[in-house]
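Here come two complexes built around chain A, the first alongside chain B, the second alongside chain C.
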Partner chain A sequence: MQRESIVKVVGAVIGKVVSRDIGDASENTALFDDINLDSTSILEVLLGLEDEFRIEIDPDDLDMDSFRTIGSLADYVEARRPLSLGGE
Partner chain B sequence: MGSISNLHLSRIGDLKEALTGSRTATFVWLCNFEVEDAWSKGFTGLPGGGISEANLLVQRMEEQGILIAEPGDYVITGQAIDPEFLSYLDRCGLGLAEQIVVGNTDGKPTNAAVLDSPAVLAELRSLAKCGAYLMPMGVSGVEETIAAATGLRLAGPPSSVCVTVNSKIYSRRLTDRLGLRPIAGRACETVDALRSALLTDPCGPYPLIVKDAYGVSGKGLLVLRSPDAAAGLLRMVERRAERRGSDALHVVVETFLEKRFDLNYQITVSRTGQVTFDFVKRAVTEGGVHKGHVIPAGLTARHYDEIRDAGLRIGAALHGDGFFGVAGVDALLDAEDVVRPVLEINARLNMSTYQTRVLERFSHSQGHAQAQQFNVHVDGASVPFSRILDVFGSLPTVPVDGEGVLVTCFGTVNAFAGRKESYDGRLYVMLFGRSAERLQSLEFKVAQSLSVLSK
Partner chain C sequence: MSVTTLERIESHLPARSIRIDDLAERLSLRPTEIGVFRKIYGLDRLHFDTDLDFFDLLLPAARRALLHLPTDGFVAYVIYAHTVQTVAPPDIDPAQVIKRELGIEGAEAFALNQQACVSSLGAIDLAGTLLRSEAPKGAYALIVTGEQAFSPKIQLIPHSAIMAEGAAACLVTLDGGGDRVRSFVTRTLGQFSAGLLMTNEEIRELGALYAKTLALVISEAIAEAGLRPDDIHLIIPHNVNTITWKQTIKELEIGIDKFFLENIPKVSHCYSSDVFINYTTLLEEKRLVGNGNYVLASVGLGATFGALVVTRKESN
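The block that comes next holds the complex of A and B.
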């Protein structure tokens, strides 16, 4: 899966959680300031990412830096992607 | 209950007497919003609870202490309250307390920054010598340390009691113990108990709501719409338990209940165990996040009596468990018009507590009032308080004869000024009308006026 696709899927997961289309979001879109993601939604996003990317997320490893932008969350996902998805 | 005059307004003198035995005690108010963060330490909740940043906006809500403190009292704030806003409150005739400004908080919460400030500690020591009390919004270990370091007497119970009483697990058990009408659900203190409550023996139909025992205002809450979603959560919780070598958990699972509206009521428990039912208000919430209050709540006499009775019984039980002070209880009137008297018990002051003196001063005997918040978009420089008064135009910004709008918290507008180039700040107001219709008309005008400041 290419970087562009990862960013798109991360955006789609977040869009589902906040119940609106954020199709115009980019790597630099800020999750809290631009999308108004709130702290109640973080866990929902993580569960969505686990499902979509078939990865295991340990929230204890995560800090706010991974939640700044769609790009930083995509970085986190990319670092944990199973190899079986690597060539998609 | 048809009017504000039917409510018992918990005057600050009554509160001082209940907590100290003297109506004229000097209080040093420390409005430590987010005290739950300290209370939750050591209790495992939903995964991801640690992912958060210091919320400067919530910290600035502490300036509401100036609304509740009496002249002669002191209010500790991280930053000085805007002088224009203070002067406005003074013009409104509220009568102001002295401020103790910590100043350079270095990103820390105000209570922690107090302990780093020799000047503030010295000032508090001198107030302690005059017999003043430390009156926190809620008592945590930090407030106990401040009291010990300065000699100020604490006007509240030990933090260990607050930790016990504030837990949603305690709320559920107390509801059962008192035979009050419960919300269907279960307390879960192990991973197995959570699995049972969600999957193997679910406490009700989906959606099911999982709440941290110490979550506050929408934080630490997850709505699960299907068993598949629950299985995803359980996988994450089980992996964490395995990593940590502990299956301890502190959450509650509850069924979703259709409601007519939320309620918030307050009781004051004196040191000696006398319980006063202070008020009940309609609470406005969105997704579990507090948005405001409506007064009167619009309850029938039967509903009011049921809530008052629950409040008095809860207060007596809290005192039996070592608590005294102000406790706020969240409740609701369900879609069948049935009171559910306990969603959770908060062992601290609540947003509605800060309205006490404002309501006493400005509400008409048969009037209506509403606490509301509005987003104010800030681009670059701070918004001066005069700009807020300007956009209100001819609306009465000093309520007279039960009519008008009062700004109750302004620091939250400029909370991120100088840190972020563009953000939504928050303005808190209280609206007063002599009838429900006049209040509605005022609300429309206020929203219209403030819309020029939104994004």
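The block that comes next holds the complex of A and C.
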């Protein structure tokens, strides 16, 4: 899966959590300030990403720096995707 | 100077235990939010019974604690330590009801809740101070904790905890044979005094300070007790959630194996009763060792951070 597609899925998962379309969001869109996510909804997004990308979220390894923007969240997903899915 | 000693700690949980999923509708939590509380915050089950009378929750532990009052001792203070300011209708003074129902005569009965979920630890400190300053020999204080999650507004702590029901009691005296209180440290960050009414910005600011402040208070309490982190057998914490404690542990020179987190998925956060409930679990499982050093730690809305160090009485 290409970076652009990952960002698109991240945006869709966020949209589902906040119950609105964030179609105009970009990699630089700030999760707290622009989308008004709070600490629980960020974690909801993470669990949604876990299902979408079949990645394992380790609650002990959560770094808030990963949750600043849609782009940093996409980085977080890319770093945890199974190698077997890398060419999707 | 005389030493405050904890002569007996007892706890009581309602028989009815439910899964957090069962509270989704009451707390207006989406399935994904329940998922966050389960997977990230480490919650699963809790005790909650809307049919249980308030005093039927409070009194069993207190009655059992009183059984350990020696024949030549007497209760000089009944202290009801709670978190939520209003726990009963205005015509009912819980401290007076507790005193009356327990048949205690001549004691001063009063409540305190200024330190929210740290009030149980604050009550130990206060009991020691009162006993030292004005009570005759043989005097005891009975601390009672416990409250009901009677409204969704006091059951869900946003981004933090799902409150549960449980009660406890602690019998305190001076220079008794029980666990010796070595130190008590608190820190209140008054900028977060809005508690449940904090803005999202304030919640985020408190979240950024929480682990560091809690770790600092625990470290200070250990040092004030004249101990080092290696001297501590176990930290007995409040059951707010798992991730908060794991963040706090990262700030301390104490391994996670020394934190008793096993009750978090079983009983969740029972307001100011957690430290006592967890203590009794460890006692029942014979995991408290003679002369071992233990830290009781909690955080209350408002925001107060507290840690109290005790040295367990010698094994019989």
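Please note the rule applied: the second predicted complex is superposed on the first by the 88 of 88 C-alpha atoms of A that agree within 3 Å, B and C clash if a C-alpha of one lies under 4 Å from a C-alpha of the other, contacts with A are read in each partner's own complex, and residues count from 1 in each chain.
In the analysis below, a contact is a pair of C-beta atoms (placed from the backbone, for glycine too) under 8 Å apart; a residue touches a chain by one contact, two chains touch by 3 or more.
Everything quoted here is computed from the prediction, not taken from an experiment.
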{"item": "Comparing the two partners chain B and chain C, which touches a greater set of residues in chain A", "value": "B"}
{"item": "Partner chain in contact with A:Val77 - chain B first, chain C second, else both or neither", "value": "neither"}
{"item": "Which superposed partner A:Asp33 touches (first chain B, second chain C, both, neither)", "value": "first"}
{"item": "First (chain B), second (chain C), both or neither touched by A:Leu47", "value": "both"}
{"item": "Which superposed partner A:Pro59 touches (first chain B, second chain C, both, neither)", "value": "both"}
{"item": "First, second, both or neither for A:Ile6, with chain B first and chain C second", "value": "neither"}
{"item": "Contacts of A:Val17 with chain B and chain C, given as first, second, both or neither", "value": "second"}
{"item": "Common interface positions of chain A, toward chain B and toward chain C", "value": "38-40, 43-44, 46-47, 57, 59-60, 62"}
{"item": "Residue ranges of chain C in contact with chain A within the complex", "value": "30, 32-33, 35-36, 39-40, 42, 158-159, 200, 203-204, 207, 242-243, 246"}
{"item": "Residues of chain A that touch chain B when the two form their complex", "value": "33, 38-40, 42-44, 46-47, 50-51, 56-60, 62-64, 67"}
{"item": "Complex contact set, residues of chain B against chain A", "value": "46-53, 218-222, 229, 232-233, 235-236, 239-240, 243, 287-289, 420, 422-423"}
{"item": "Contact footprint of chain C on chain A as seen in their complex", "value": "17, 32, 38-40, 43-44, 46-48, 57, 59-60, 62"}
